[in-house]
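Per-chain numbering from 1; labels A, B, C and D assigned in written order.
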Amino acid sequence: MSCEEKIAAMKQRVFEANLALPQYGLVKLTWGNVSEVDRELGVIVIKPSGVRYERMQADQMVVTDLSGNIIEEDSLKPSSDLPTHVVLYKAFEDVTAVTHTHSTHSVMWAQAGRDLPAYGTTHADAFYGKIPCTRQLTKEEVKEAYEVHTGNVIVKTFKERNLEPNEVPGVLVYGHGPFTWGHSPIEAVENSLILDEICLMAKENELINQNIGEIPQYLLDKHYFRKHGKHAYYGQ
Amino acid sequence: MSCEEKIAAMKQRVFEANLALPQYGLVKLTWGNVSEVDRELGVIVIKPSGVRYERMQADQMVVTDLSGNIIEEDSLKPSSDLPTHVVLYKAFEDVTAVTHTHSTHSVMWAQAGRDLPAYGTTHADAFYGKIPCTRQLTKEEVKEAYEVHTGNVIVKTFKERNLEPNEVPGVLVYGHGPFTWGHSPIEAVENSLILDEICLMAKENELINQNIGEIPQYLLDKHYFRKHGKHAYYGQ
Amino acid sequence: MSCEEKIAAMKQRVFEANLALPQYGLVKLTWGNVSEVDRELGVIVIKPSGVRYERMQADQMVVTDLSGNIIEEDSLKPSSDLPTHVVLYKAFEDVTAVTHTHSTHSVMWAQAGRDLPAYGTTHADAFYGKIPCTRQLTKEEVKEAYEVHTGNVIVKTFKERNLEPNEVPGVLVYGHGPFTWGHSPIEAVENSLILDEICLMAKENELINQNIGEIPQYLLDKHYFRKHGKHAYYGQ
Amino acid sequence: MSCEEKIAAMKQRVFEANLALPQYGLVKLTWGNVSEVDRELGVIVIKPSGVRYERMQADQMVVTDLSGNIIEEDSLKPSSDLPTHVVLYKAFEDVTAVTHTHSTHSVMWAQAGRDLPAYGTTHADAFYGKIPCTRQLTKEEVKEAYEVHTGNVIVKTFKERNLEPNEVPGVLVYGHGPFTWGHSPIEAVENSLILDEICLMAKENELINQNIGEIPQYLLDKHYFRKHGKHAYYGQ
C-alpha cells in the first residue's frame, strides 16, 4: 500500500469512528473528536474543528505530522483538542487512536472531580481498575498552553499512579470530560461508550447502596484477563 | 432581496428551528416556540399557538410588528408567549432569535428555583458563568400581564446582576422553564439544547460530589473565549 | 352516521390511541390500554387483552355495553382492566376516554404512594393542582373484585378531596400506576404523557432543592385557565 | 420434524431473541447472550462469543450437548457464559431458555448487592416476590471455574431461599448482572426487559419515598396469579 493509500484508509477509519460518536449518543452538536496516529508514516489524522457530523466527509479529515503541524494544502483546521492528542501519542507508545467527548455521564464524573471506582464486572471487562480523574489544571497551565497541558496532566496522572495506558484506556479530566484510547479509532470510541455506561452505573450504585465497595481484586482480574492478554478466552 | 422575500426566508428559518425542537428532544406535544426578529424590517416571525409540529408548515409562521401586532391577513394566532419575546427583543438589542421550551432538565432547575452553577467546560463553552433563575412573579404581575412581566423579570434579572445577554444566552424563569436566544433561530435552539444538557449534568454532579464547586474563573475564561469573541480559535 | 359507522370510527380512534402509547414511550410489551365510551350508543370500545401493539388491528378492538359485557360475536377478550374503565365512565360523566399505562415515572410515584405536587407550570398547563394518589386497596377489596375496586378507590379519592375529574384528568393508584382520561382517546393518552413527564420533573426537583414548594395558586390559575375554560387564549 | 429441522428452528429462535436484546436497549456492543435447551434432543443452542449483533446470522448460533461440548464441525466458539447456562439447565428443569445481559438498571442493583424489593404491580405481574441477589463468589470459586460457580451460586440462592425458578424467573449476580429465564428464548428476553424496568422504578421509588415498603402479599398474589397459573385471566 502506498503512503497515499494508507492515509486515505486512515481518513476513512477516523471519519467512520467520528460518525459513530453521535450514533452511540456520545456527542451532541459538534462536541467530540477522534484521531488516529501512524508513527512509521509520521502522521496523525483528526476530525476538523467545529464541523457538523451530518455534513462531514472522509476527505475533510485533517492530516498533520506527529507534532500536529498541518501537512496537506487546503486543509481544514484540525480539532482544537489536537495538541492533547499529540501529547498522548508521544507519551503512550502503544496507543493508536484517541477519542474525546462530552458524553453525559463521563462528564458528570469529571465535573465531580472523582476517580471512577470499579463497582462491577462491566467495568472490569474493559478497564483494569479505577479510572483516574486528573487534578485541576493551574491558572498558569491554562494560560500558557491549555490543550498541551491537558495532555500533560493526563500523562502525569498515569505516571504518578503507575498505571498502564493499555490496561486503563481512558481518563477523566477534572472539570472537563473524558479522553479514551485504543488500538483503532473504533476501539477508542467503544471505550468511550463503555466509560460513559459505567459512569452512569456507578453514580446510581451509590444511591442504591451508600456502603458499596469496589469489586474484589480476584474478580477484577478474572473479568479483565478473560477478555485481554494472552490468556483471554472471550470472542472468536 | 425584497421585503417579501426576506419575510419568506425568516418564515423558513423559524419553521426549521421549530422543527428542530422535537428532533432534539426538547419539546413534547406543542410545547415550545421559536421566533426571529428583523428590526430594520420591523417584523417578528413566530410559531403559531398550539399547532402540532408534524402538521406545521412554513407559511403558517405568524408575522407581527415589533410590538407583536399581527400584520398578515388570515394569519393564525401567534404563540401565547409572544409578548415575552417582544420584551426580550426590545431590551436585548443584539438578540435576533428567541426560543422557549419545557425541556425536561431545564424545567427541573427552573422549578427548583436555583441558578445553574458553572460546574464544567461544557457549560463554559456556551455560557459565560452562572445561568440565572429569575425571582417568582408576583400575584399582581401575573394578573396584569403575565407574558409581558415574564419578559420584564428576565430583563430585570440581567440588569440587576450586570449580565450581558450575548455572554449568557439563556435564563431560567422561576417555576416555569427556560428561554434562550442567539443570532439566528437555530442558534437559539442549540443554546436550548446545551442548557438542557448542562442542567442534567449539574443535577447529577451534586449527587456524585456534594462538595462540588464551580470551575475556576480562568478555566471559564479559557473555554468561553476559545469559542467566542475575537480571540476564538474553535471552528473553521 | 349509522351505529355501525359510529362504532367503526370509535374502533379506529381507540386503535390509533393505543398505538400512540408505545410511540410516546409510555408502554413496554403489552402493558397499557385505552378505551372510549359513547353513552348515547351505550357502548365502550377497548383494547383486547395481552395483544401486541405491533400486530394489533383496528377491528380487533373489543366492543362492550356500558357494564362491560361483550357485544360482538367472535370478539377477543377485552383488557383485564375493563371493569376499572366501566366504573370511571359511570362516575365521571364528562369523561369520554380512559388510558392506563405502567409508564416509568408515573409508576414510580404510584409505587412511592405520594400525591404529585404541582411544582411548575408544565403541571399547571394540564392539571389543576396536586394529582392524588389513592389509598392502598384492602385485602377484601382485592379478593372480591380487584379491578372494580380499583375504579371505586379512584372515584372515592376524587369525592373525598372534592376534585373535579375535568380539572384533574388523572390519578395515581397506590402501588400500581396511573389512569388518565380526556374527551377523546388521544387526549387521554396525551394526559398520560404529560403526567409521566411531570412525575419525572417533580422527582428530580426534590433532589435539586429539598425545600421546594408548590407554585402559588395565582400562577396555577393563570396557566391552567390560559389553556382551559371559557377564558382560554392558547391554541387556534 | 427431523432433528435437523428442530435444531434449525432453535437456531432461528435463539438468533431472533439475541437480536431483540439491542432492539430492547438491553445490550451495548456484544454484551449479552441468549440460549435455548432441548433436553429430549440433548442440545443447547447459544450465541457465539463476541460476535456483533448487526453482523450475526442464524446459522452462526452454536450447538452443544447438555454439558456444553460443541457438536457441529466448523462451529464458532460459544458465548463464554455457556457454563453458567449449562448449570442452570441442569438445576432448573422447567427452564427452556436463559438470557444474560449487562442492562443498565439491573446491573446497578447487582453491583449494589441488594435484593430487588417488590414495590409495585409491574414487578408482581412477572416476578412473584423479591428478586434475589446472590452472595459474592469467593476467590477460590472465581479461580477454579468462574462461569460454573456463577451458575452454582444462583442455584444455591434459589435453594436456600426456597424459591421456585418458574415464579421468580431471574436473579441478580453480585457485582456482575442479571440472568433471566423462561419457556422460550423471547420470554427469557422479555423477563430481562421487565427486570431492567422494575430495577429502574425501584431505585427511583426509594428517592421519592425513603420509607417505602413492599406491596402487601395479597396484592402480589392478585397480580401474579392474574397472569400466571391455572386461574390466570390476562391475555387471549
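Observations
By our rule, a residue touches a chain if its C-beta (ideal position, glycine included) is under 8 Å from a C-beta of that chain, and two chains touch if they have at least 3 such contacts.
Chain by chain, the UniProt names read as follows: A, B, C, D = L-ribulose-5-phosphate 4-epimerase.
This is a predicted model, so every value here is computed, not measured.
Each step here moves to a touching chain, and the least such steps from chain B to chain D number 2.
Greatest Cα centroid separation from chain A: this falls to C. For the copy pair chain A and chain D, the superposing rotation over Cα atoms measures out at 90 degrees to the nearest 5. Because chain C and chain D carry the same sequence, their contact can be compared by residue number, and under half of the numbers here are used by both.
Between chain B and chain C, the centres computed from C-alpha atoms are 33 Å apart.
Remark: chain A and chain C have CA centroids separated by 47 Å (rounded to whole angstrom). Shared contact sites, meaning residues of chain A that touch two or more other chains, fall at 207. By the contact rule set out at the top, the touching chain pairs are A-B, A-D, B-C, C-D. Contact residues on chain C toward chain B in their complex (touch as defined above): 119-122, 190, 193-194, 197, 200-202, 204-205, 207-209, 212, 215-216, 218-219, 222, 226, 233-236. Touching chain D in their complex are the following residues of chain C: 28-31, 48-51, 76-77, 80, 102, 104-105, 107-114, 136-137, 139, 142-143, 146, 175-177, 203, 206-207.
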